[in-house]
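Input: one structure, supplied below.
All chains are identified by letter, namely A, B, C and D, in their written order; residue positions are counted from 1 within each chain.
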Amino acid sequence: MQRIGVFVCHCGTNIAATVDVKAVAEALSHEPGVVVSQDYQYMCSESGQELVKNAIKEHGLTGVVICSCSPRMHENTFRKAAASAGLNPYLVEIANIREQCSWIHKDIASATDKAIILGKAAVAKVHLNAPLTAGESPVVKRALVIGGGIAGIQTALDIAEAGFDVDIVEKEPTIGGKMAQIDKTFPTLDCAACILTPKMVEASQNEHITIHSFSEVSDVKGFVGNFTVTIKKKARYVDETKCTGCGLCTEKCPMKKVPNEFNMGLDNRTAVYIPFAQAVPKVATIDPNYCMMLKNGKCGVCSKVCSVGAIDYKQTDKFIEQKYGAIVVATGFNPIKLDKYDEFAYSCCPDVVTSLELERLMNAAGPNGGTLLRPSDKTHPHTIVFVQCVGSRCDDEKGKPYCSKICCMYTAKHAMLIREKYPDTEVYVFYIDVRTPGKNFDEFYRRAVEQYNVHYIKGMVGKVTPKADGKIDVQASDLLANEQLHINADMVVLAAAIEPDKTARPLATMLTTQMDTNDFFTEAHPKLRPVESATAGIFLSGACQGPKDIPETVAQASAAAAKAIGLLCKNSITCNPCVAHSDELMCNGCSACEKVCPYGAITYQDKEFRMPDRSTAIRRVASVNPAVCQGCGACTVACPSGAMDLNGFSNSQIMAEVDAICK
Amino acid sequence: MLKISASNLNALFDRIAEKQTLYIPVDREPNVSEYKKYESGMTMSKALNTVRSAKDFFFPQTENLAEFKMSGKTIEVKDIRKENEDFVVFGVRACDARSFGILDKVFLSEPVDSFYKNRRDHGTIVTMACTRPAETCFCTTFGIDPTVPGGDVSVFFDGENYFFLDNTPKGEAFVASVSDLLENGDASKLAEVQENARNIMKKLPLAGLSTDSFGGERLMEHFNSDKWAELSESCFGCGTCTFVCPTCQCYDIRDFDTGNGIKRFRCWDSCMYSDFTKMAHGNSRNSQLERFRQRFMHKLVYFPANNDGEFGCVGCGRCLSKCPISMNIVKVMKALEDK
Amino acid sequence: MQVNENFEPVIVAFCCNWCSYAGADLSGTNRLNYPANVKIIRVPCSCRVNPMFILRAFQRGADGVIICGCHPGDCHYTSGNYFTRRRITLLYSMLDFLGIERNRTRLEWVSAAEGAKFAAVMNQFVEDVKKLGPNRRLEDLRCRKQ
Amino acid sequence: MQEAMIKRAKELLADGTVNRVMGWKKGEFAYDTTPAVFETAEEIDREFVYNDFTQANQSKYLIKESRKEGKILALLKPCDTYSFNQLVKEHRIIRENVYVIGIPGGPKIDIEKIKAKGITGITNVKNEDFTLKIETIYGVETMPFYEAISVKCESCKSKKHVVYDELIGEDGDVLDSNRFDMVEKLENMTAQERYDFWRGELSRCIRCNACRNVCPACTCENCVFDNPKSGIDQKAAADSFEENMFHIIRAFHVAGRCTDCGECSRVCPQNIPLHLLNRKFIKDINCLYGEYQAGADTTSKAPLTDYRTDDCEPSVVHERGAE
């Protein structure tokens, strides 16, 4: 038999002025199960709490109803008080008779009636409350960072700094990402390599950091604090532990006609290669698509010249399994493919390039050793046209609906650098809007316009046509002057939109994290939890969450690291006990709950059951991981059989409240 | 014999309805009939029988038994029994008329079910002889003559006139109460009509069905038959057969909490349901085979064992036409009977 | 339509803990009036509201049921209210299909900052239900108050 | 057709591909066929039947059958394949344990439509060039075949088999059916008219559970209406509210999963057009969230476990024009 105590708070006159608290206490004292019903001036005060605690002990209460202010104010206060008197804190219910009653009603009679009904609903609910215990689950003190660009590197360094082991998984043969390909950075124009490569080295030398280059995440199981991740180390046909990075193999390799990805295919590399001089790890990789030995068994030069015997043509993909407490996603971005943009002649004219290609063309380690030359005839360009928003802010399906955010600034940078180094070059920039929010950004852009005389034209480029004389006709409209322009250009640079890396979506599925329609990872809250995914223990770093420049990326990387460190610091995680649970005997195994769970908290397994007719059956049933479930209840409604229910807000509890209110 | 011409039937209905509630079979859709409370102008259905049986009049699907009122922490029990009003059910067929006898054996034996008895006492059953049986009819299997339908008053139709024959004091009173509308008539054609119907009964596809292989003495043999598995394998466990059946009489008693009190009611239950016989310790029949077997064993073995050989089926054929998968007592009997 | 001035409808409001319940608290904090007919049930998320609860309320004598949740895109659990929106749209459509008055049901998005909106929504809803009169099409006669 | 099916079933039994065959068994009359499992060629020769009356959707049986030892042959009509697929998708049927032969479907005949013509004492029904020759103990009657077509076949949605291992006969196409006409008609009524219509229909419900138990989407281990813990269990519709409640909740639970096979209405002993409730949900889903056919595949996300950020608001219901 339930023994319920009701405690009605006056809240000074906040409640008592419009609600007859004595009448409420009296009315509720007649409810079934209620053994004590009292009112008091300030229930949340020390002495008010004492009153509750004493009543719990004196009457051996099995449930407590506090009629007071919003549970958002003092639910925790009263739960703690109950716990200290030996009553399970989840046997306390609050009837909100202040914010939702006394403060909004003026008529004492109707406010009192309503307060009584709210109290009755709480009594009806508390009858069905079950004692709940917050569970704990241990935390593996190791983090995984997926992606080894500047975001991943920064996150790994920060986590390592706090003393935790952290692994970086990078799909390319080297870490460094897009930043390694960039020449200079805005708005300071310092050399990207000069600030990035020391960090790469620092990562490789940090005792807490393990770099898995040329590797991919192939499976993720588990939950916050306890993920089990399978990492696929792709065969690079070179023993990483032996290779010294001397580069002799790359010099001797006879297969020299492989498009060099690092230089955006603007020059060639060998079949065995090290992407760039400062690569980390500085280890060669054999490209099996081009290596003669791997393709038809005829060559073997690299193996012969390697003095340490690192070449291993028989190497296969290896899978390693590792446990992690936290996972940080830093999968970055790529410029979109421009093959659908025939109007800009990108596919047919080598002198129409993307901005990232321009970075390589201008880079000292690039195909032209830093001298800006036209890819077609290696001559110096005198007129360069930049086209902004190619595929960004785009309504049709070719492009992306969003602003890629970085293009305005890097274009200003490019324009400025070209005007600085080649003052005889005319530079035109066609833009929709110039967007320069950020520290020193607008000043930077204005310098390009005012100091470097870059021609910024608000308008659209309609068509780019290569001409027989090697020049390029750029047909455009100047919206401000309201006229059509034809520019006789030598080069055209397209600011291609950026999009999340293609590996992100399958990864999101493995991680059970959410993505938006553009495949950017969705943060748990756009304002308040911007570096966490909605799935506990999964954090977001860099452009995988949305377009970002380097300073923002680094800031978010450190923020993600801080969140991960916060998790790894704990020995165990206390779980919210108000989570869903499945009655296995009723579960059909239909997976509806699994599909609506935003956290991936529900898994299915085949279990053996003894059926009522004494036979044994294997049934597929759902189970909820209480460490992962956040208690939203979406699954409870998706479940047709009612097998899924929610602690603290069970079907029967809510229906009891409904009944009490409608009585 | 007293008679009324077909054209005057509604005048008779109007007269009966003046004093008592009258129920007659009415078409809901062409040839789909149900009992309706008579209102002037309604036409009696020509369909052979109603979709639902006539047992509802005495044993309704749900019925309140008692009420509890809670005020604060005290409970007050209310007896809600009250005397029923008199009513007449017109047009009951022989099979359904027989079913009341079967229900009586259950509800009127000690302890007497006062709710049922109350309705029985106040109801007058006016039956209607069959002239055009359907292929699903097999009442003769259970010794029923559909041309002599029983009830308080039997009514026979010769194509022009309805003839009335009272069988009980209640029936006599009924006929007397409407005698001014009736006239003496020549019933000579009736014998021919009855003979004709009996001959049709002999030609029906199920005419040869016999109860010889059934009865209380065959309990163990039938219970242990290996035929049940095959017979029950397609059964979905719905309650259609039991709910259209005129003789199924199982019920459940439940409490409904209205928020202001409790209403204790009974409602039909079906032995085909998975929670039938569910008790505190569990369920004694956990497979559909056991539940399916129960229904037919009850009608063909247990009931006759306890009721002087009377079977718990009247051959109305409703389950034959309504079972979603066309499994029925005829198929069961044919599978189990001595070959 | 004739309006019975004395009719005081029973209104059940399901409010999600993170936005609408806080919004209701805010309208209290700001002393924004709405009728006492409205009784709030706190649920973690609007997606916790099972159609069973809504029907249950009508069975037991509610004259109107309103569900309030975070604005789409702002769900504390990221996606809960999107599921709510589909489920409740379909349920309301079905109730309408069965001839139940449309204005007895409502779904509103109220953020924690929208105390004024909460009060306005409730005022409007109570007024609409008052115009409809007592719920007769979806009540359980056994539960009717004597 | 029956011969081809028998021949192939016996072959598959003989070569060990399957150890059981799910089909239909002859009854007492021409029309009362019963779903049955056959284990031997002799049983098949003796009792197997496939005719104008073999309407029952067999998919639901395969939940149980696919969990037994060995492999079973399922002969599925186009409409049945949708239910089958949906059950595979929900992990209810173990696909590997079923060998599916797609067979031509209806239109099937509903014997009640013949009886509704006042024809009784039926001993045989023959389909001769789309005229039914009905032999009865009272003589021979005729009626046009199309007047006897069952409700579920009248608005057939598809002649296409969405899943099969092999076909007997030819595969058809998804049809442009008129299945939403009645829903639309009801939508165009006033609320009062709709209320009166449904009260008239649902008040006949005897809660026999035939609709639920036959439904291939209702496969819960324990239905909420049978489970005292659910708080809404009910054995009989003791009040008109409970009639509504049962059918609303049932329709809601199968929303987005119902393949519109029409079994619910076929089996209702009280002829309540229950399929209209399911079709209402299907129509709404199609209109509001994009065309979706449950059971058409085994991978797509069901509409109620999915969402779009720009989904319509429930106000579309409230703004549908005057009541």
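Things worth noting here:
Everything that follows uses one rule, which is that contacts are C-beta pairs under 8 Å (C-beta built on N, C-alpha and C of every residue); 3 or more make two chains touch, one makes a residue touch a chain.
Here the structure is a predicted model, which is why all the values come from computation and not from measurement.
Relative to the C-alpha centre of chain A, the farthest chain centre belongs to B.
For the pairs C-D and B-C, the count of C-beta pairs in contact is higher at C-D.
Computed centre separation for the pair chain A/chain C is 35 angstrom, with centres defined by C-alpha atoms.
Each chain gets one centre point, the mean of its Cα atoms, and the points for chain B and chain C are 47 Å apart.
With centres defined as mean CA coordinates, chain D is found 30 Å away from chain B. Shared interface positions of chain A, i.e. residues touching 2 or more other chains, are given as 596, 638, 651, 655, 659, 662-663. In chain B, the residues that reach two or more other chains under the touch definition are 256, 259-260. Among all residues of chain C, those that touch two or more other chains are 51-52, 56, 60-61, 73, 79, 83, 87, 140, 142-143.
Because contacts link each chain to all the remaining chains, their graph is best described as complete.
Touching chain B in their complex are the following residues of chain C: 60-61, 140, 142-143, 145-146.
For chain B in complex with chain C, the touching residues are 256, 258-260, 263. Here chain B touches chain D in the complex through residues 29-32, 34, 46, 48, 51-52, 61-62, 132-136, 200, 203-206, 230, 233-234, 236-240, 242-244, 252, 254, 256, 265, 267-270, 273-275, 320-322, 324-328, 330-331, 334, going by the rule given at the top. Those residues of chain D lying in contact with chain C across their complex are 183, 186-187, 191-199, 224, 230-232, 238-242, 244-245, 248-249, 251-252, 255, 277, 280-281, 284-285, 288-289, 303-309, 311-314, 316-318, 320, 323. Contact residues on chain C toward chain D in their complex (touch as defined above): 51-52, 55-56, 58-59, 72-73, 79, 82-83, 85-103, 105-107, 137-142.
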